[in-house]
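Next, two complexes with chain A in common: one pairs it with chain B, the other with chain C.
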Partner chain A sequence: MTTTLVDASDQAESALLNLHKKFMSGNRPPEALVPLNEAAIQRFELLKFPHRKHEMYTFVNTKELVSTVFNLPGETVVSKDFIKSHVYPECESSYLVVVDGILNEDLSDNSAIQSSINLVPLKDAVDQPEIKEYLADTIEKENDVFSAINTAFISQGTLIDVAAKKQVEAPLQILHVSTGSASGNVTSHPRILVRLGELAEFKMIVKYVGVQGNYFVNSVMDILVGEQAGVTFSQVQEDATDAWHYSKTRVQQGRNSRVKAVNAFFGNKITRHHFEAHLKDVGAELLLNSVSILNDAEQVHHFVRIHHEAPHTNSTQNFKNIVNDKSRSSVDGTVIVNQGAQQIFSDQLINNLMLSDNAHADNKPNLMIFADDVKCTHGATVGQLDENQLFYLKTRGLSEKVAKELLTKSFAESIVQTIDFPGVVDYLENTLLKKLEA
Partner chain B sequence: MKTTENTVSDVLEDKKYKYGFKTLIESDTFAKGLNEDVVRAISKKKNEPQFMLDFRLKAYAKWLTMKPPQWPNVHYPPVDFQDLSYYSAPKPKKKLESLDEVDPELLRTFEKLGIPLDEQKKLSNVAVDAVFDSVSVATTHKKKLMEVGIIFCPISEAIQEYPELIEEYMGSVVPVGDNFYAALNSAVFTDGSFVYIPPDTISPMELSTYFRINTEETGQFERTLIICADNSYVSYLEGCTAPQFDTNQLHAAVVELVTMDNAEIKYSTVQNWYAGDMETGKGGIYNFVTKRGKCVGDNSKISWTQVETGSAITWKYPSCILMGDNSVGEFYSVALTNGYMQADTGTKMIHIGKNTRSSIISKGISADHSSNSYRGQVKVNKGAANARNYSQCDSMLVGDKCSAHTFPYIESANSSVQLEHEASTSKISEEQLFYFEQRGISRENAITAVINGFCKEVFKQLPMEFAVEAQKLLTLKLENSVG
Partner chain C sequence: MLEVKDLRAGFEGSEIIKGISLSIKAGEVHAIMGPNGSGKSTLAKVLAGHPSYEVTGGEVIYNGENLLEIEPEQRALKGIFMGFQYPVEIPGVNNAEFLRMAYNARQINEGKEELDPLDFDDILTEKMKMLSMEKKYRERNLNDGFSGGEKKKNEILQMAILQPKLAVLDETDSGLDIDALRVVSDGVNKIKSADNALILITHYQRLLEYIQPDYVHVLSQGIIVKSGEKDLALELEAQGYDWLTPTN
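Coming up: the complex of A and B.
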């Protein structure tokens, strides 16, 4: 099936609408998801593709993406060996494989945690009033046009349900595979929903990989964390270099819940990760760490919105970006403290290490505060290696090259080491950090 | 005096705009509305050379294609630009006989601010006696400045007398089409200040609009241009702490600064325009200002200091373009909002030259129902090796209905830079106040002390007498907000 997805500006919009019509009439989505698809495409019509000076896309040039002609993915066989090579040791029998947005049960193996979690196809999950309401609400409030597009094109989607008081020992890995295409560009819209009941504990690793290039993966993941529940997760973005990766993680936290997210980015044409968190009740805590190491013309953009909606909620964010060659990193992060949300603690720190004059590091750490009894800080730095540190290492007999490598690696290491999954840490040290050795 | 006479042909010629060019020229105050004729008429009124008219028309043409900015974090009903009068001849204010005739509320404010009696008279437009004759003071100052070759005059006068300087520099920092309000100002400005400091000159005094003759009623579109030639220095003060009332609701000023090699300009502002009704938020001035300095020469320096305590809406970003190698840009700001005020203010530091340095210290205080935003950009271009920036923007919240926002943009395209940004938001804690009270210091004085400590870094950049008044001004403004 070859259909135009997007074209320049207005044309792109009508092209997308046309594609959506074809997608709907081709009887792709199940009946239960149709209202969502339709509501979301209406939201898209309202939001439209971003123009050049759109505040949300200050640092991201979407022109090429929007004007690229995309096809919907065809049937591609992914080998088991390929999957195996991307499954982390701790998840050997607890992983789900999502190929081009569609859960592939043959490739998946979740025997280790089958009894602890409940996998519900989204078309059945929407029967639950809570899920239905949540999805309708998010469509209505959606401000990210690409997430609206995701919802408009979901044909499957999975709800991972962790029952109240359930403690899931082994981490679950979700492996998003984009098959890409040798001829022309393809796009996919994976959708995952995670729900944790009261006092539940859950660990998750999400990984994005590509079999070959030329694709646009536009993913959305919602995480609903119940009262006193805790979720720890890591996202590893390692797509093909000539691909686009847009993803949104939307977290909603209940009373005394805990979320810890540590993400690692390899970068590609444009990676844009939108992290939106709503700390909805007293005592919710959020930690968000992120590292990206970029070479060549790779680009990673973080768009972060943390909403403190209740008193006594805490959030901490640490970003470390290393940019080399012509690469580009940007962080656009806002902490919003609602009126009446007193006794908030929020901290945001963005550190950038620039290794080349042709690289870019842009930051926009924003605070929007509507309550007075809060302690909110943010900091951002852009710089290079400390001369004194380099000198110190050289006096100890290390060559300039080795000393530099040691310092740049340790800069990234401080985030990598906060990942709770040893397999992921090992993997990143042997891959992501190797990018610094070139 | 509005002119209502208009001929039939005028009406037929331009139905949209009732008053033709000819009638405009004859009237002292233009009827409401803006079109090309109005722009031409302003230029004609001022007897300007052709290049000025071209400048204005170019700006007007640009303005027509632009829209008011939507991105600032402020909310107000759209301004009807056809509902404003764009020219009004300066007319003498009614002189009062003595201070007894002045509004007692205004006098109370003066007293609190500690403004000297003579100055009070001048500010409230009381006829001044021989001892403190503003005109004679101004004249002596002017003479002194002329001796060292400094030009300090209304910009309309400069257009007549120094057209070559105006033609070269006006619009060189803020281009006519820079932004919506700058374009509007460029098209219709009526007056403002012009300063030229010749090479190797240190200005013998701080220049202030206060001492400039004909300072009243420069209108809502003020234009200031300051040029500082090689190895020179000037400190310029704008505004005053006394509350200012104005019938014009919209103020869209443009300020341009240019420094050559080794030159330095220090520009200080204290702004206390009427902020609207404290209880309802009605009325108040819209202050949409474009201020920008260009460090053209090597080792030059531009320093902005501002104390913003008035206006219903403030939209203002004094910026520095650091072109010359080793040039320095500084921005010190205290912005206080109370009542229903909204401020979106900050700075831009554009690093172009090598070894350029900039520092930003911004202190925002919001009280009552107000909203206070810092918006700043630090941009390092590719060639700006060893650029250095330090930014600190702190916010203080007084009360639980106000809000404080920070929107920094930090963009770097050079690997040898050092950029640091820090921000914090906090409130005056009960513990702090309790500590003061415990030591016998009243709550009010305690708040003053905390606020002044918070703003100290900025106040110390202000000229002495300004600093003292500014401190008192903040206390006065926060009088009923705390506790």
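Coming up: the complex of A and C.
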């Protein structure tokens, strides 16, 4: 039995290496990116696809994904109407459309913030020593095989550069469109790098959608936040149901910087989001909230690593998952407090609401603390609706049905409300929360 | 309006109320006093229909109906209101929206028209003004992050909006400073009329200076050990509860 599994996994690995060869010769990534592509594919060969008990994939069954044969997407025309329907009101003139990992300037309109941000193709950005070193360093340290695969397949990628002291008024929306395929399966590897200079302020909405199914989007976003800078962003995962979504957000925070991230997940075959943050200097603050509402056999898995690398850094996380039918969610989250990182505060809370006996929610909150003067809390709950809340609402004349609906919605709503973009809040109230009425 | 006859009830198998009888008519205010653990809050929860409390004997007749057979939401729709000692926080439920839902549930039940947010806003504004509640509490989530005093005001706000026939206020005075107590009591006094009745559950006599009871009942170890008129409260204030213990 074991040999078969190894064979299958060997086969999948050689299939990926073949696809990479095809990519390098067919798509011809720019010369400046080739060293990255090659270093990353070597990293992949070292890491290999995760086996069943891999610690980063404890709750995620990658077997089907790994054994699926993928092609690189062809040219597909995406209509402007499709794009318009996915652009939030606050971003009407500040959105970038990335189709299958390639920035499409014709479909984009960033006129409102053109003068406030710099868009640099990655092939040019690697001329800057800081970017070059950062990327080389992350490839070397990469322990998530799918992120290594992303780098191995970068053919374009964009650096969004916000200069020091620049305060960008309008939020920028990045719309990742996967065109998918009518037959067979395609895979794409979007790559975005965001860099905020000292005292810069930036807001961003990242949304993932699919034109049709049968795809695997494997995305990576790096966010480098300079001293005293602040970034607020939301990621909305709303891919085709018949698709896989893997993504990694890697945040690096400087002195007194602030990051606020509130993400929403609709789920699909398997969505896995890896959030890795490095609070590298004194006073860095991170807030990470997330909500998932899952029906049928949808899955959303979170893998979170927060590294407190300096004293006086703060992180707060709240994950809320509602699982119905046969859906699955998991949160595998570890907060690491380095030696010498004293006086840090960290709070991690995972709440799961089970609406069906066949649904599944796994939680693994974890703390690794190598300092002695810290305040760290974590907890996880799995349960049905709160009896006392239900009774309270009934004593006000609300029927059992109405009270239950209200409480279920409020469970998710309490995260949705922490999103800073009214257009996104409205949208989620009318789409994500409506999944509870099905 | 309400007849409680030899009511026995408990929680998780232990009997807390051991035979209480009460008769309450429209227009009356009854105070139920007693030390901690005497069964005051259990009585309130049983009247409201909390599922965790088990009735083991006796009966409760409300306007001719067997109250114990009626679901909590139906009791509410029939005019029973419970002011919670510890109002629960519900993050993600907008306070104003919740109040309108509760108001409209009553309207629908009575065959009246539902109010849209704009019309309801007039009622809400007026009642909040009566309770000196800041506007921000309408936009906040239900009791979420409210101070103890604001939670209690929010209970009375609900009472003002729902206009119950019988209100059971469970330790509404606890956690209130003297200014808030005055405001809350004034609010309750304005809602009080010849058509409704009030049960005030309290540990202290202080509340009764502001809301005058017609009758005072002293509860101890699950039974009423003494009933009297409002002077009884003063006696309790002076002498404490120790001289009143069940004689059995």
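Here, the second predicted complex is superposed on the first by the 428 of 438 C-alpha atoms of A that agree within 3 Å, B and C clash if a C-alpha of one lies under 4 Å from a C-alpha of the other, contacts with A are read in each partner's own complex, and residues count from 1 in each chain.
Everything that follows uses one rule, which is that a contact is a pair of C-beta atoms (placed from the backbone, for glycine too) under 8 Å apart; a residue touches a chain by one contact, two chains touch by 3 or more.
The model shown is predicted, which means the values in this text are computed figures rather than measured ones.
Superposition model on chain A: chain B and chain C are shown accommodated side by side without a clash.
In the overlay built on the shared chain, the residue A:Val259 is in contact with neither chain B nor chain C.
By the touch criterion stated above, A:Asn358 is placed in contact with chain B alone, chain C being left untouched. Once the two complexes are overlaid on the shared chain, A:Leu428 sits clear of chain B and of chain C alike. Of the two partner chains placed around the shared chain by superposition, chain C is the only one that A:Gln389 touches, whereas chain B remains out of contact. Once the two complexes are overlaid on the shared chain, A:Ile192 sits clear of chain B and of chain C alike. Legend: residue contacts after superposition of the two complexes on their common chain; A:Gly397 is shown touching chain C, with no touch to chain B. Within the superposed three-chain model, A:Leu286 lies out of touch with both chain B and chain C [touch as defined at top].
By the document's definition of touching, of the two partners only chain C reaches A:Ser410; chain B does not. Residue by residue along chain A, chain B and chain C are tallied for touches, and B comes out ahead. The minimum CA-CA separation between chain B and chain C in the overlaid arrangement is 15 Å, rounded to the whole angstrom. Looking at the complex, you find that chain A touches chain C at residues 386-389, 391-400, 402-403, 406-407, 409-414, 416-417.
Taken in their complex, chain C has these residues touching chain A: 48-52, 71-73, 75-77, 81-82, 84, 87-88, 90-93, 98, 101-102, 105-106, 109, 141, 158, 162.
On chain A, the positions that touch chain B within their shared complex are 55, 58-59, 339-340, 342, 352, 354-384. On the chain B side of its complex with chain A, the touching residues are 71, 380, 382, 395, 397-427.
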